[in-house]
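Structure, as structure tokens:
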Amino acid sequence: MKYAYYPGCSLHSTAKEYDLSTREVAKALGIELIEIPDWICCGATPAHITMHLLSLALPVKNIIKARAMGSYEIVTCCAACFSRLKTANYFMRTDDEHRQKVEQIVGEPYKGEVKVRHFLDVLVNDFGLKNLKGNLVKELKGLKVACYYGCLLTRPPEITELDDLEDPHLIDDLMRTIGVEPVQWPYKTECCGASFSLTKTDIVLKLSCDILQMAYDEGAQAIVVACPLCQSNLDLRQSTINKKYKKDFNLPIFYFTQLIGLALGIDGKKLGLDKHIVPPAALLGEKDKLAKI
Amino acid sequence: MKWFISHETIRSPFLKTLEKDCGEKISHCYQCGKCSAGCPISYQMDYLPNQIIRMVQLGMEEQVLSSKTIWLCASCLTCTSRCPRQINVAEIMDYLRRRAYTKHMTPPGEIEVPLFNKIFLRNIELHGRLFELGLIGMFNLLSGKFFKDVALAPRMFLKRKIGLFPHKINNSKEVKEIFKKSGKLGRARRDKLWQPKLLFLNLSRKLIERIERLK
Amino acid sequence: MTGDRSEWEPKIVGFLCNWCSYAGADLAGQSRLEYPPNVKIIRVPCSGRVNPLFVLKCLSSGVDGVLISGCHTGDCHYSEGNFHARRRFTILRKLFEYLGIDPKRFQMAWVSASEADKWAKLVKGLVEEIRQAGPNKLGHR
Amino acid sequence: MKIGVFVCHCGTNIAATVDVEKAAKAALNLAKVKFSTTYKYMCSSPGQALIKDAIKEKGLDRIVVCACSPSLHEKTFRECLKESGINPYLLEIANIREHCSWVHRDRETATRKAIEIMKLAVTKVTHNRPLEKTHMPIEKRVLVIGGGISGIQSAIDISFAKFPVVIVEREASIGGRMARFDKTFPTLDCAACILTPKMVTVAQNKYVTLHTYAEIEEVTGHVGDFKVKIRKKARFVDTSKCTGCGACWNKCPAKVASEFDLGLCKRTAIYTPFPQAVPNIPVIDRENCLYLKSKKCGLCQKVCPFGAINYQMQDEIIEEKFGAIIVATGFTQFDHSVYGEYGYGKYRDVITGLHFERMANSSGPTGGKIIRPSDGKVARDVVFIQCVGSRDEQKGVSYCSRLCCMYTAKHALLLKEHNPDSQAYVFYIDIRAAGKNYEEFVKKVQNEYGAVYLRGRVSRIFEKGGKLIVRGADTLSGAQIEIKADLVVLAVGLIAQNDAAKLAQMLHIPYDQNNLFTEAHPKLAPVETITSGVFLTGACQSPKDIPDTVATASAASVKALGLLVQDQLEKEPLVARVDKNLCSGCQACIKACSFNAIETKEVEDRALKRKRTVAEVIEGVCSGCGNCTAVCRMSAIDLEGFSNRQIMEEIEVL
Amino acid sequence: MSEELKNKAKELLTNKKVDLIIGYQRAADGVLAAPCFIDSQDDAEKLIWDSYCVYNLASYLKDFPAKRKGIVVKVCDLKSITVLLQENQVKREELLIIAASCPGVIDEKRLNPLDQQAQEIVFAGKCKTCKTITPAYYDILINEPQKNDKLSEIGQDEYEPVRKLEAKSIEERFKFWESEFSRCIRCYACRQICPLCYCPKCVAEQITPGYFSKGVNLEGNLSWNITRAMHLAGRCIDCGECERACPVGIPLRDINKKIEKEIKELFKYEAGLSVEQKPLLSCFDKSDPEDFIK
């Protein structure tokens, strides 16, 4: 199993632990991720809000770089990058007018033939849950988490083609496989405010607070995410939320790869568990006595 | 609000170009309100999403482009994925923002989002990848919120979550090229980041706000 | 109708289905819409009644243009006749083109009983097109 | 052959632009035209008299009338010919008004064109043949497919005229959807109180035969003579012995969710769907019967005092003949499990309107209590959501289901009556209450029963803390709305039965993209289909409430009776005909005919001295579209009134 | 293979499985093959099977009604039997299909019968792009797994001649066909040889009404050829017999192939695929294209 890997900007900065843990998990499972050389930013939300063509051209440039590596599929972890790459691909496949313009910009013909995958999809559908179970070193028994998917993994379904629109289950499936108990909660795909992190911080605080509250109410001890923006909003801003809304949440926000890494016996530090703002040590130590961070 | 409806307003080029550019049939909307019902941010909006669509149907370009709503949309796509008439509401919001931006019609209280977008894109154009410290710093400086999130900064550095220097990639030329061509082909508005007048306006506005609050 | 070009007037045969197009042409009359007299109407129960042999007969006996007009798809009085006609004459038209026969000389249209306007415009356009195409060489020996 | 040409002035309508005298004179130059004249109004009595006199005096045998469109007076003039003793089909109309005088201004041009049109008509009439209307016998029995209120009403209406009717119903009892309803809007009569007497009436009616637990297997033939195969599914209960005493179902140990009560309670494996079932004879459900599954049990056979249980029973196929068929197969309800945002049908307290009906019914599974199915607690805050599956092309159908507004209002009212403490919230997009006393009813529910109407669709429902959180909008106030509800009732749309398309294909009736059967004309023939002898009633054609259903049932019955009271079926003779000598028997025409009007027939080929199969048109079924004639490569099949020869000659004279 | 065929034929005739066998025998010139009708086992010796068996024998089926016929067929010929079955012109139970795997047949017109030492066999145009080697169904298979490498060159476009014509201007096309059709002498050899032209009385010969000119002139010739092509639309299986039979060398296959290509593209229809298939012109799809209709 060999894939072209597109980490995206966040995974090289605020979400370093996502990148670290993804690479570690992939390595442990024998999934080869080859970083696309000289990849560039996908443009994220600002691009599609400001310049439509740019929002297509940037992802396409990256896909073309991947295509040049050979016939790989692209794997990405960031939900926003995933959404942008998929959307660009969709346009290139279905909209001739935009395709021609974008081809002009990037200077190469491209008809959307390279497959864009999320690492979740690769783990569940290519590698397989059974296979994963066979590779576990230990099961993380007794941990209750809320699996949080956010907006861009499932919406819009005709573009993302990843998981169930209203009740996604890929992360839940993975968690169950490593012995973690996912709680049933209704906020799997609610919005955290994401791109407003800097600009409309108040909105982010409110929406993230609702999500934390719901997870807490349904009995989760932590939240598991697959998106760096969700993680940073819920983790980085948790203390501000506590202050503003007079709460005392203490919910570590994990990337799914981190917990899988633990179950594969990878050292917590290698998985970037030291980079969390809400420290997970207590929870993991108390539950499993294995993560010495 | 009073709106004089006529032949011209109903068949305004606004509606036509919108339908052409986003490939969305606005007239399909039958105002069921499901978009507004599911929108996580409608509580902050001056018009609900369905009202924006209605106003577009009636050709109320100015009112729509100067609304807060279009800048409050988080592009979470909840509306799009649930619309029974298969209208891509989020895409329409994108379009409206782009149009408002090119027409210099951002509402006075809503400078952050367009400013952020501009800085973000300039940041990428410059470095190829996002340089987050640069982004935050520049944003705080230009939006007049100098000390925003400063409390979070030490922790971020400590955890090595934010680098002090931009990433080095060897293809900055290629990125600039993409920006240039996209701008040209898409006839997008691309102006200078440093606009002393705008900076001054922002600063004074913040100042006034602060004084108001003190009162 | 031989003779020199200046005297020549396009001669067009229109096969009109009884339920939609013939009635549409009736309505054009009731609405007093004026159109050129070049189209001679042969009433048929349905566009599906038209045999390719009729079209051949027209074109080889000096008719300059043939029109088959029926109900819009889905509106056929006999529910499916126009679907059959559509398939049949799509092939004939492709064959005409291939054999070098100007496809303008053989046209089809869907005109409903309420589309008097469309009928009048159709006739005007058709006559104009055939006028430009000139007399049909076949049948004028 | 003596052709007479009659040119009408139509006042000045024709005469003002067409030189009618010149046209009449020109007619005399045409072959076989022996007489021509003009008159002011040819369709008037004196005009017709003129034609009649000319026929008599000049011995004319074919007539061309140059006048208005044949759609207006073809019939008139045919009658005129008939009265003068010549065959009415020896007539052609030259349309020189709509197609000539009214669309051209120049007198010379118009006159020239009028003469050309006349020439076409004269050429055509030369080859007209005297035709007689065809007659066919009629099997004087009616088949009604479906035993809901619609089928029951049709059968009753037909039995009034003393014609035999057969109802084929696939469930074990007649009654259909209406049997499950509690009250009916806007009068609030109890559904059972008005339906049960009708069910009993048909059961006891000597003209009506009931085949319950039976399905249509095959339909062949045509109007007046349909041959229908009916599969009578094995009941495992001998209907001639059973008295419906109930000993069997009281003892049966196998319990499964009741379909009739939508799983709100259980039934046994041997069961009648509901207590008032007609016939009151149970069936054994072969999937769940312990004996039929594994030969264990056999209790019902032991306890039956009449020896009516027969485990060896097999499906039986009977064939019957009918003159007309009434389709009354009704509807089914939209399955809301495609709505992920409403919980994919998994939340037990998110129910459909039909569940609500069963709960509100005092003889229903909850004994008339409106409760939460999950925990049995009384429902206080109840949210009703309209347009679920309707008006939603993304997840359901694009049409409006027409009755949900009304039944939701009824539910809101019933809720208040059953649980006086409760509060109803209704999310709607538009309220469609177009019916007698309907709007008043909705207003009553809003004003007197305090139902809160909110204009907007609901975007999301989720469970939290034992309640259902409903997130909607009220577009009138511009507010997002969130309600903590005990129960959510979805007003799911009405859709075609799953196997509607299959039945339509059997009956050769068209159906639309939603599998609803298509009427012959949306306005002027709403209960007919293009297949003559097949009629539609009720919701199989489009969603209908009870009054509309009953009205269409009676309408369809009248149409069917209109057929049956005739001694013979009369048909226009403008049909296709096969020349057996030319026919190769390739059957292209048979496959192309939309009406199944062509059969094969064996004929003796004298030249080859053997039997040959050729095509033959069933005159009574042929509608005269002529599609077969264009499909036939050897031109062996031709159409009366529009023959190949006529058309070819028309082209020639142009 | 010929031996195998002979033995099978003898066996069939001896066991009275068939009344006669329609097959090929060596023609009088000693090179080509001619049809033969074998009804005794002694005659079975005559049967041959090789690349010279050009004829489509399906056209002879109608000459032996109510007899049990064994018929030697190539893959392409089998499709014409499929159409005949579709159109109820033969009865399957009267038919015993002896399918022979086909080596490809020669182009008779380019063969010099005098030059028996010819090194190169020129294969018929239809064989060069033939894609099937084994028949879809049969009763007896005479099989010698062989595939001539010269045949079925992958990538060769069977519609190349059609495309070449399509690329010309409409005037050029008219000129081309005008000159081709001008040679037509209305001998109807194309019709007589076609296995699917079985009408009891062809429209070309009907008098009241007369559908088109019987004279040798452009209108009549054009009408005849268009009618022939239209009547074979969705039925022609490209056995190429019409073109082979045409004494004046009109490229009739180019017309047949054009229609074949169009219906494949427009209606996704191919002739002679199965017996159950509905005839192209007796059915339709609601989404058939209609861009030319106003």
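We call the chains A, B, C, D and E, going by the order they appear; numbering starts again at 1 in every chain.
Criterion: contacts are C-beta pairs under 8 Å (C-beta built on N, C-alpha and C of every residue); 3 or more make two chains touch, one makes a residue touch a chain.
These numbers were taken from a predicted model, which means no experiment stands behind them.
Enquirer: When you check each chain against chain D and chain E, which touch both of them?
Expert: Chains that touch both chain D and chain E, as defined above, are C.
Enquirer: Which one of the chains is farthest from chain B, going by Cα centres?
Expert: E
Enquirer: Going by C-alpha centres, which chain is most central here?
Expert: Taking the mean of C-alpha atoms per chain, the most central one is D.
Enquirer: Most C-beta contact pairs, which chains?
Expert: The chain pair with the largest number of C-beta contacts is A-B.
Enquirer: Report, in whole Å, the distance between the mean C-alpha point of chain B and the mean C-alpha point of chain D.
Expert: The answer is 54 Å.
Enquirer: So the centre of each chain is just the mean of its C-alpha atoms; given that, what is the distance between chain A and chain B in Å?
Expert: Using C-alpha averages as centres, the distance is 24 Å.
Enquirer: In whole angstrom, what separates the CA-based centres of chain A and chain C?
Expert: Spacing between the chain centres: roughly 63 Å.
Enquirer: Can you list every residue of chain D that touches 2 or more other chains, as numbers and ranges?
Expert: 341, 592, 631, 635, 644, 648
Enquirer: Could you say which residues in chain E touch two or more other chains, in rising order?
Expert: Only 203, 211, 281-282 qualify.
Enquirer: Touching at least two other chains at once: which residues of chain B meet that condition?
Expert: 78
Enquirer: Name the touching chain pairs, would you?
Expert: All chain pairs meeting the touch criterion are A-B, A-D, B-D, C-D, C-E, D-E.
Enquirer: If we count contacts the way the header does, which residues on chain C are in touch with chain D in the complex?
Expert: By the definition above, chain C touches chain D via 11, 13, 22-23, 25-30, 32-35, 37, 40-46, 48-54, 57-58, 61, 63, 77-81, 84-85, 88, 120.
Enquirer: Which part of chain D faces chain C closely enough to touch in the complex?
Expert: Chain D residues touching chain C: 69-71, 95, 97-100, 102-105, 109-110, 112-113, 116-117, 120, 510, 530, 574, 592, 594-595, 623-627, 629-631, 635, 639, 642, 644, 647-648, 650-652, 654.
Enquirer: Under the stated contact criterion, what part of chain B meets chain D in this complex?
Expert: Touch list, chain B to chain D: 30-39, 42-43, 47-48, 50-51, 78, 82-86.
Enquirer: Per the contact definition, I'd like the list of chain A residues that touch chain B in the complex.
Expert: Within the complex, chain A contacts chain B at residues 9-10, 12-14, 16, 38-41, 43-54, 57-58, 61, 95, 101, 104-106, 151-152, 154-157, 165, 189-191, 193-196, 198-201, 203, 207, 236, 240, 274-277.
Enquirer: Mind pulling up the chain D residues that touch chain B in the complex?
Expert: Per the touch definition, chain D meets chain B at residues 341, 387, 391-395, 429, 455-460, 471-475, 478, 480-481.
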